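Each of the next two complexes has chain A plus one more chain, namely chain B in the first and chain C in the second.
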Partner chain A sequence: MSFEVLWRYAPALVGGFGVTVLCWSLGAVIGLTFGLAIALLGRLELAPLRWLLRACVETIRGTPFLVQLFLLYAGGPFIGLKLSATAAGILGLGAYSSAYFSEIFRAGFASVPEGQSEAAISVGMRPVDIFWRIRLPIALVATLPAIVNMLVILSKETVVLSIITVPELMYQMQTMAAETFTAFDAIFAMAIFYWLLVEAVSRLGRRLEARLTAFMSGEARPA
Partner chain B sequence: MSEMMIEIRGVCKSFGRLQVLRDVDLTVERSQVVCLIGPSGSGKSTLLRCVNFLETYDSGEILIGGKLIGYRDDPGGRRPMASGELRGMRREIGMVFQHFNLWPHMSALQNVAEPLLRVRGLTASAADERARAVLKRVGLADKAASYPGRLSGGQQQRVAIARALAMQPRLMLFDEPTSALDPELVGEVLEVMRSLAAEGMTMLIVTHEMGFAAHVADRIAFIDAGRIIEKGPPRQVFHESAEPRVRQFLQTYHDRNSF
Partner chain C sequence: MRPEIVLHSLGYLLQAAGVTIALSVAGIALGFAIGALVCAARLSPRQALARCGAFYVSFFRGVPLLVQLLFIYYFLAKYGLDVPALVAAIGGLGLSSGAYQAEILRGALNAVPAGQSEAAVALGFSGLDIWRRILMPQALRISTPPLINEFILLLKASSLVSVVGIAELTRVSMNIASMTYRPFEAYLAGGLIYLLINLCLAAFGLFAERRLATGRAS
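Up next is the complex of A and B:
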């Protein structure tokens, strides 16, 4: 174990970690947004649209992320989509995770009992209020564990971005290993970085979950 | 002449091939309490749900305070009513469900205040004040901050009644309000309903509580296989009906209460 090497490469590694966190978080925001949109559009009574969305989701779920990413980055310019490596990486993570998030949201909305919407309809609430105030919060609480789980998976999928030269953690580690012949140290350091990231995400998720589900069995906090 | 709150005339409805309502006629006058009784699957709940158009009906008409609900009869034929207009009618019709249908992510107070904020457009403080007053009215002032998961079935149903009541509806529909409750908890819900009736609330109630129906209802309608086969004051339906189906149904009730 060569701490001297790790120390020397620390700025690059920390920078790489920053890029990893950036790609992961922006990719997650895109994935969550589009996942929600896909789940909602899929509920419309439009057969061709539903079929199209279904096909997209199944294609993404049926192929490796590595292939999708490579196609987006290397194949994009052929259809006029010229992206920097980092932009392609973020967009790729977003598209990839949106397929999974859409399935999570679909199941979440399906789990909201019809009666809770009927109660809102019967008092004359508008559909937009029924969605934002009733259906969405109930669905979110039900799906939170699955969402956190997907976020954890996504944080580790960021390593794939190194193949299209996004300067994230994996890329910096490989550079260090190649330049200094310290493959073991690189893998070891990387494990620690990712463990920190996953632990942070899981903790955040557990906290959010505890906070959101407390009400199901508890009393409101005094205002 | 007394004012008609609900007029159901010649209503028919089918789910696919299954005809669930056959030419139903029923009226409820202002401040009247009418109970719908009958065997399971006879169409009682479906009829009730047609009154606020949670279910559509195929033909006939349902008038609320003299106004057709759910449809607009144009010279060219019948069209669905504009959704805004339908919402306007629904907010005057309170509904209480068998399974309460409280919103689990909101406290009792928020459950009652939410429609006041979103539908009646009250300010937060006015909604809060009215919600607290109505919760007090159903005996749950001390449960305002509790979430539904922490309340008993009877308490949940009283919150649900408060939610409907806070909208100050002109009439209220009850769909088997005590059927999902432990026998012990039925009384507290019926007590609230009894006091509403005493205050002159117009109520249409689907129930299996024959004792409650006999004592509180002004009129009873008996539905069997989608048809109203008997209606009248409780005394007449419970004791003087000539319909064999009604006598047979009520016999089990009389038997159960004779020991």
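Up next is the complex of A and C:
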């Protein structure tokens, strides 16, 4: 692949990368929000609600992301949900990741020692304060490595969006490859690019973890 | 909703589910062989070999599977190798899964207490026997639950193989969707079959975990 070709397609590729980052970040925000909500609702003493949430989470975790995307994008209009490819992609990423994030948060809340809330009760904190100032911060720090890991996985899943024609990086690269007959070089470049991206994101994530858990003793720090 | 559309093509869907399962089994088996080799390389005292293993794991876990699959597909085409799409698909799944399985096996080997091999050395076991009779059985037991989990992940990842044109479950759902103009029912049915397979696998995983745990307690 000549650099001339790359140069000519540079605007499209940069734009595509922008769409990739947009889908990834919005999908992650939706996923984290709903994941936290599902984890919290699951803690309520309401058996039917818990079963329903459980069924939703297991369904999403038990089916391929690609099939979920097809169902949302191609099947959506049949149940009155007409979305553009990008909107379906973002919503799909959000729904998909929310199931995994909810499991991460569930484990995080379960790992907060009972003694912490008991101590908070005994010093006279209100339940709302106990949640916001004791349980939530401890759970978030405990789940940080798992969240970073899921964000990395999600960054790789954005590639699948190209199949439903979301104009993200992979899609633009394939368009370029088809128009210039440079399929092999384009895919090779993509592999290297995503590898570097994923490596960079996971390094950044580890640095962030180290900073946020710096106050902990070596033993309590999540591995 | 018109469920009769799905009932019409149920045989077609089930046959495709068989292809998906076969693909995944082949992929996981190839991945296990590759994973064992990569794991051995990573644990090797030779620096260069260990670094190669680490590079393999980093690369195949860092590059999205879809990119890997297309890469293999185009790589073979570029060098004029006339390999059926099926071989490329299984190769892609195996190469990718190999990286994950190498890490599972490495973790399991690390989880076997060092005292075990020390005791074996003290009893006069040879190096190969320590591997074959002490380390491997314990590591395999530890790695069974995560390997079943990896199988579930691979089964879901195999849906991406539809892109290189193999008539597995996702591809067949696509075909049914475009033939009947009812994508909602078609993909719902496809998704439910995936879910059913994965629930069975998860149940089997729980069963295996329990069996292995009882074996240990005795």
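The definition used in the following text is that the second predicted complex is superposed on the first by the 212 of 223 C-alpha atoms of A that agree within 3 Å, B and C clash if a C-alpha of one lies under 4 Å from a C-alpha of the other, contacts with A are read in each partner's own complex, and residues count from 1 in each chain.
Note that a residue touches a chain if its C-beta (ideal position, glycine included) is under 8 Å from a C-beta of that chain, and two chains touch if they have at least 3 such contacts.
Everything numeric here is computed off the predicted structure, so don't read it as measured data.
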- So, A:L71: does it touch chain B (first), chain C (second), both, or neither? second
- Item | Partner chain(s) touched by A:L204 [first = chain B, second = chain C, both, neither] | neither
- Task: Examine A:A10 and indicate which partner it touches, taking first as chain B and second as chain C; both and neither are also allowed.
- Result: neither
- Who wins on chain A residues touched, chain B or chain C? C
- Please indicate which partner A:Q116 is in contact with in the superposed arrangement: first for chain B, second for chain C, both, or neither. first
- What residues of chain A sit close enough to touch chain B in their complex? 113, 115-116, 118-126, 129, 133-134, 137-138, 141, 215-220, 222
- Message: Residue numbers of chain C touching chain A in their complex, please.
- Response: 58-59, 61-68, 70-71, 74-75, 77-78, 152, 156-160, 162-163, 170, 173-174, 177, 182-188, 190-191, 194-195, 198-199, 202
- Where on chain B does chain A make contact in their complex? 52, 54, 87-91, 93-95, 97, 99, 101-105, 107, 109, 114-115, 118-119, 145-147, 149-150, 160, 163-164, 167
- Query: Touching chain C in the complex: which residues of chain A?
  - Reply: 58-59, 62-68, 70-71, 74-76, 78-79, 156-157, 159-160, 162-163, 170, 183-184, 187-188, 190-191, 194-195, 198-199
